[in-house]
Every structure is written in C-alpha cells, then in structure tokens.
C-alpha cells in the first residue's frame, strides 16, 4: 500500500478483478469511466452480460483493430468500440429511459467519496474546473444496483469512505456496495458493513483508513464467486 | 335544408369540399372521423399534403383493393389503408409527440358543439354510453390550426354553434374555424365571424340558426381558393 | 442468454389481480396468443391498460367476455357491446384517458418519469374530475375519475399526469431475436413498444424468432432490455380487420 | 414537397442570439457542415443546447473559439481547454444538466410536454441550486443555476425539469429522403432525433439524400414532420475519433 505507481496499479487491478465478480449471467450492466472500464478483461468468459453505453448502445463488444474503427460507433468514453451479437442502437432519450426506468441490473462506477448512508460524490471537486456530470447523476439514481469501484483512500491519504461527503453529491443514498483494494463494503441502515477482507490486510487497518464506523459481518472470503 | 337524407348528404359533401380547400401544399394534416374522412376525395390533385394517422402513420395513401389489404396497416378509424411514398411508421408516443408538440399544421375534425370562444364538444353526449375520447383531446390541443367540419344544426334542429357548450368539452378555446353547409366562421376575440356565406343562404338565415352572435366580415366568396 | 419460452410457461406467474399493459390499437398488433394463454389460466380481477379492449369475442374481448377483467384504462371502447354492458352495470371500472396521454403515461412509466404536465384535457372534465369511472348496478354513476392537479406553465393551463407501470407487459412483434430485441411491422407497432417499457416483466409474442445477432442493430425498434420472455406466435392465429372503408378516400 | 437546399441557404435566417439544439455526442454524429456554414455567417450571441461543445477547433469548438457562443446547455465539457477558459473568465454562461435529463428535456420540448418530474439530481446541488452558471472576470462565481422545485411522489424525492425548445435544430443523419425522413448510423444517432424534435425549424445534413419513397417506412428513425430543411453533407468532411482506447476491454 505504498504510493508507488506499481502498487497503485496493483490495487486498481485487484479492485477491477473483484468488481468483475459482481456481474452475473444475463445482467444488463453499465460500466463507468475509471477502474470499471477494465472490468471486462477480468470477466469469466462463461458469464454473458450485456453492456450498456449511455450514448445509445446496448451490447458493446471489444475494441476494434485500428483499421476497423468506425467513428460512428463509440462508447460513452468516446472510444471506438465494436458491437456484440444481439446489440441494439437507440437515441439518448431511450438510453436514459432504460437507465432511469430501472431496467439496468447493475452499474459499476468510480467514486471520489462514498458516505455511510450511500451518498456518492464523483463528479466535481472543490478547486478544479467543473467538467460536467455527464450521465452519472442519471445512472446512480436509475440502476437497480450501484457498486462503486475505487481506491480506499485518496492520493493524499485522505479517506474516501466517509461519514458525510464533503464534495458535491452525484446522488443521495444511491450506493449499494463499495469495492476497494482493502475489502467489500455494503451500505446498510447501519452504515458500512465489511463483507469481504482483501488478503494481506486486517479489519483494524480498514477501520484506520475509513472515516466512518465499519461493522464487520463477513459473509465469504475475498473474491469468492457470487451465487 | 330539409331533413331528407339526400339533403343531408349534399350538405356533408358541400362541407367536405370546402374543407378540402383548407389544405395547402406541404401541410401535415390530421383528418378526424366523420365528414373529414371524405375530404381527400375533394382535394386538388396538384396539392400534396401528408396525412397523419394518430395510431402511428405519416403519409396515408388511398384504401387498398380487398386483395391488397394488410391487417397491420390501418388508419385511426381502424380501416386498412396503404402508405404513400415518403410514409413513415412510429409508435403511439412519438405519434402524439407530433400532435402535442405542435408539429401538425392542421386538424380537420367533426364536432357536436362549438362555442363562441372556441370550445369544442365532440366526444360524449349526456344520455348515451361513453365511447371514449380516443385522440381527440390531444389533437385539438396540439394541432397548430383546428378546423371543425360539421352540419350547422343537430338532427333535432338545435344549434351547434353556441354561446357556451352544454356538452362535456373535448378542448377549451381550441377551435380556429368552423365550416358548415351555411358558411365559414372564424373564432375571434369577438366570437363567431362569418367569413364566407354558402350559395343559397343569407346572413339572416345563418343568424337564425346560430345560438350566439355572428359578426359578418366576409373576405371572399364561398369556396374561393385560399392563398 | 436465451429468453425464448412457450406461451403457457410465459404467463404462468400472472395471478389474480395482476396489472397488464397490453399492446395493440383496435385489433392491430394485439398479442392474441398471450391473451388466449391467460384466458386458459383462469385468473380473475385483472387490471388492464390498453388503448382499446378488443371486440366481442376477440382480442381483450376474450378476457372481458369471460369476466376476467376488473378494471380497464383505455382511450376508446367504441362499439364493443359487452364492454358497454359491463361498464354500465358496474361490473367493470373504466379509466378513460386521452390516447396521447395514455401513450405518454406508459412511456413515462418505462422511463422512470413519475409524472409530467400536459396541456391535454385542461379546461375539460378530465381535469375537473367529471368523467365516470364506475357505475352502480342501477346504471347511475358510482364514482368519477379523480380531478387532476392543474397549474399554469408559460401562460398555459396544464394538468399533471402520472406514469403507468404494470406487473406485466404483453406485446406482439413481427420479429424477435432470442435476447428479446423486437421489430414491429407497420401500424402494428402502435402501443407495443410503450407497453413493453411499462411492464416490470414483459412478454413478447413474435411471428418469427431469429438468433441473436441476426437483426441489424440500427433497425431494432425495441431493445431486448425491455423484454424478459419471448414466445413464438402461432402461425394459425388469424389477423383480423376491424373495419373496412365504405368510401374511397 | 422537396426540402432539399444547400447549407448556406439553410442557415441564412439564423440570427444573432438564436437558440440552437445541436445533435451529437462528443465528435460522433455532429452536423459539422452546418456548424461551418453558421461560422461563415458571422452571427454572435448564440445560445446552444448540445451534450458537449466539441473540442478545440472542431465541432461546436469552431463556433466557441470564434466567440460566437454566449451560452451552452450541456452535460459535459470534458477537457476542452478553450471552453474552460471562457467559462472561467465569464465570457460564456454554462448550464450543466445531467445527460439523461438533457435528452428528456429536449424530447419533452419536441413532444409538447412543458415539464416533468424526475428523481435524477434529487438531494444534490442540482436540486438546491448550487451549480455555477456564470463566473465573474476574476474567476469567482457570479451566478448559480436556479434551484429546482422539489416534491415527493410515491415516497421518492423528485425535481421538476422544464422542456427545452430552440429556434433551430441542427442534426446529422446518415440518410435523408427529400421529404426529411431520417435514418441514422450506429451511435451517431445519440441526441440527433431529440434535437430535431426540439427545433422549431430543424435543418438536417445527411451523408446521402434519396428520393421520397425509397426508405422503408418501418426503418425511418425520425419522420420528416420534424425536419424542415435537408442539406447534403460534404463528402470531404472527415469524421473524427475523439479518443482511442489504451487498454483492451
């Protein structure tokens, strides 16, 4: 858990790998920018999910070879993609009808802060120029299950799992689960509940690096397949 | 103007023929059930308009020969129709987005009563079983111009152009013009204004058969082509 | 992922009192096989949202005739004799809604928009609550539809309309693929995409079913995310024409 | 009826201060030729509604760089340096809107729905009015976006969002016919149909134009009633990719 970029990359990989286990057969899933983008490479090839891209695609395939790029076929990160078998294309209003109407089973998103009551801040920081919220406010409010994939602490060591968010909110009471390199945390009526502990850490370390109470109620070893 | 069915048919034909002159090149038009249904047969073949059917068609053509009927291609009156060149098909929400959003240039509809302030009653009578309003409430509110084609008086001789409607309203303040077998009436801030008088009648006869004040401000002879 | 099943299986969890959003306009684009399968199940007290209620003995008329429908939300009942009799006798509650408002309420339900304002019906008894909802056995009006909230936006009077969602959406498509993407044919599209969106579980019957990946992604009318079950429509079910024009247009 | 014209003619009545709904997501599906034609006209003070504002020197960035845009309504400005500079310096007013809310507001404008409730943004500074709208020359915030009306429907807090209509809609299609029916290609569809609906006068540029009657009525993405003018896009206008993936998914 040092500040080196190697450790950081390892942490992000660990989070993405664990995040991939949230995806189950037949789910319709939206993956946000950041760590969630790399989730598909950790996905069990036997698990077939349908990836939603909020600019108007359902059934995103892999990235094309440079010679096969179609500038008309991009994902929400504005990168050229391919369409998987069974894909469908639609306009932005129908795309967010899917989102807002509760038709997405799951959204995996990045985060800056998550509060003990499930508030999420991930669209702007106090000092920097605002870039805009894009579709994040819609997705956190609409997806049936919202799981945040983020490093446990900020670059400066500050806690990202907090009692109350200090950054402007993307959504209030919207997060179901947080996955960090230290563990898996469910948001419950009693705040953060540690469900899985990553190898090489302890509940005490988790508590020390979390700015809110953490209840320990472990259900399974880190990364055990969902069922 | 006797009660015989021949005179009634003549009156309805006269109204439809005059109604057809409301349609001008390039207009998007919705035709209601009743007299408006027969308007296309009186249309100048050089005038090309696009007919909207609220069940989800734009560009209605003529009726098919029996052997060419497609049960999947019907108009709002539930009769099989053909599609004209340039036709488009869409769902009911987009169909009424066109209507409500003010994209139709004109609606020609039947009526039971029209008031001096442009209120329209055409969906239910007091005594009979309610059949439902269908799309009438949407169309009268949404079309940019609403012209009512109806006989000047009811079967029992009662006035249909009235000071205030006594039947339940389809829309309040929605009618721009009424065409009857006696004349063409615009609804203005001053109530009914007679713009054209049908051959063989007089302003006095019109006044006698209208249950509201009628201002006479004739602009052109009956049926002169619009321009 | 394969959503294909048969009609009996597809409707097996539709229970007494369930709410159904049913596609079709008149007899055009109606899910006739699914309606038959529900009739075979013998459920009662259904609350149905559909622009019309079929005719005597066909379409939703099959369920109505058998006394399975307790409540209809529709824009038009037309000349359907048994419908009128049941409404007038108090056996059937009917919420009448302007056709475009009905379409928009179903879309809103599917799109997570809980309510919207519309100018349609402002100044009429739709807004003031004067439309009969239920009759007493003696034919008098026992209850009226509730009044709408009214306000002025940009100088125009508008009414508040609520979204409609249903336990099940039942729709008819021309083509489905195995993951539930749908293509409709001509004016048989009508309310079908909207009813599919509004159903928490949507069952689509299709005249043909093709493998996933067969349909052009640009030409799918309704993406499979809105469809949970796909059924092959019987080739023997006729398509009926409700009316024929008596005059040339 | 023939709606085909050329780009210069099509934009000739766009005047200073006009509002424009412009299709596209990032650089995908943007009406680049129409943007160039507007830039050539030299109008100022444009109020533009578009999900993004292009990049430096491309897409709406062309108008922004030239100082023609007074106000943007967008969901995301990204890394667009000149956009940030103008916003921070007070030269540009920016209304930030969640992407789905923006799409729905444009559709509502086109569909005659003056306002709707949505749960999106409830409990955030979108609802409470805390998002900067305009900066002062010194970089401080001169005005915040107005707070939304908030109410509770079915137990959930929702905010009132208003429809958006614009003087002009500007869109890019793959194919148009001469009466304005449009077909889009892949994710270049995005906001284009909605911007077309929201424009009082909508101008579509299309990569190809075919005679009326050529397109399959079932496969038209946007009916011509929403399109007043059609322009052939120049074959020489490149389509640009904004980003390339650095990792395989």
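In order of appearance the chains are A, B, C and D, and numbering begins at 1 in each one.
Please note the rule applied: a residue touches a chain if its C-beta (ideal position, glycine included) is under 8 Å from a C-beta of that chain, and two chains touch if they have at least 3 such contacts.
In UniProt terms, the chains line up like this: A, B, C, D = Succinyl-CoA--3-ketoacid-CoA transferase.
What you see is a predicted model, and the numbers here were worked out from it, not measured in a lab.
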{"item": "Shared chain contacts [chain A and chain D, defined touch]", "value": "C"}
{"item": "B-C or A-C - the one linked by more C-beta pairs in contact", "value": "B-C"}
{"item": "Farthest chain relative to chain A (centres taken as mean CA coordinates)", "value": "B"}
{"item": "Whole-Å separation of chain centres (CA-atom averages), chain A against chain C", "value": "37"}
{"item": "Mean-CA-position distance for chain D and chain C (Å)", "value": "34"}
{"item": "CA centroid of chain B to CA centroid of chain C, Å", "value": "28"}
{"item": "Inter-chain centre distance, chain A versus chain B - centres from mean C-alpha coordinates, in Å", "value": "56"}
{"item": "Residues within chain A bordering two or more other chains", "value": "57, 83, 89-90, 93, 96, 99-100, 142"}
{"item": "Per-residue multi-chain contacts in chain D, two or more chains", "value": "104, 107, 111-113, 118-119, 185-186, 189, 217-218, 221"}
{"item": "Topology of the chain contact graph, where touching chains are joined (line, ring, star, complete, other)", "value": "other"}
{"item": "Pairs of chains, among all present, that meet the touch criterion", "value": "A-C, A-D, B-C, B-D, C-D"}
{"item": "Chain C residues touching chain A - in the complex, by the definition given at the top", "value": "1, 107, 109-113, 177-179, 181, 197, 212-213, 215, 217-218, 220, 223-226"}
{"item": "For the chain C and chain D complex, residues of the former touching the latter", "value": "104, 108, 111-119, 153-154, 156, 158, 162, 183-186, 189, 217-219, 221"}
{"item": "Sites on chain A touched by chain D in the complex", "value": "37-38, 40-41, 53-57, 60, 62-63, 66, 69-74, 77-81, 83, 89-93, 95-96, 99-100, 119, 129-138, 141-142, 168-173"}
{"item": "Residue numbers on chain B that touch chain D, as the complex places them", "value": "25-26, 28, 48, 50, 52, 57-59, 83, 85-90, 93-94, 96-104, 142"}
{"item": "Complex contact set, residues of chain D against chain A", "value": "25-29, 51, 74-79, 84, 87-88, 96, 98-104, 106-107, 118-126, 130-132, 174, 185-194, 221, 239-245, 247-249"}
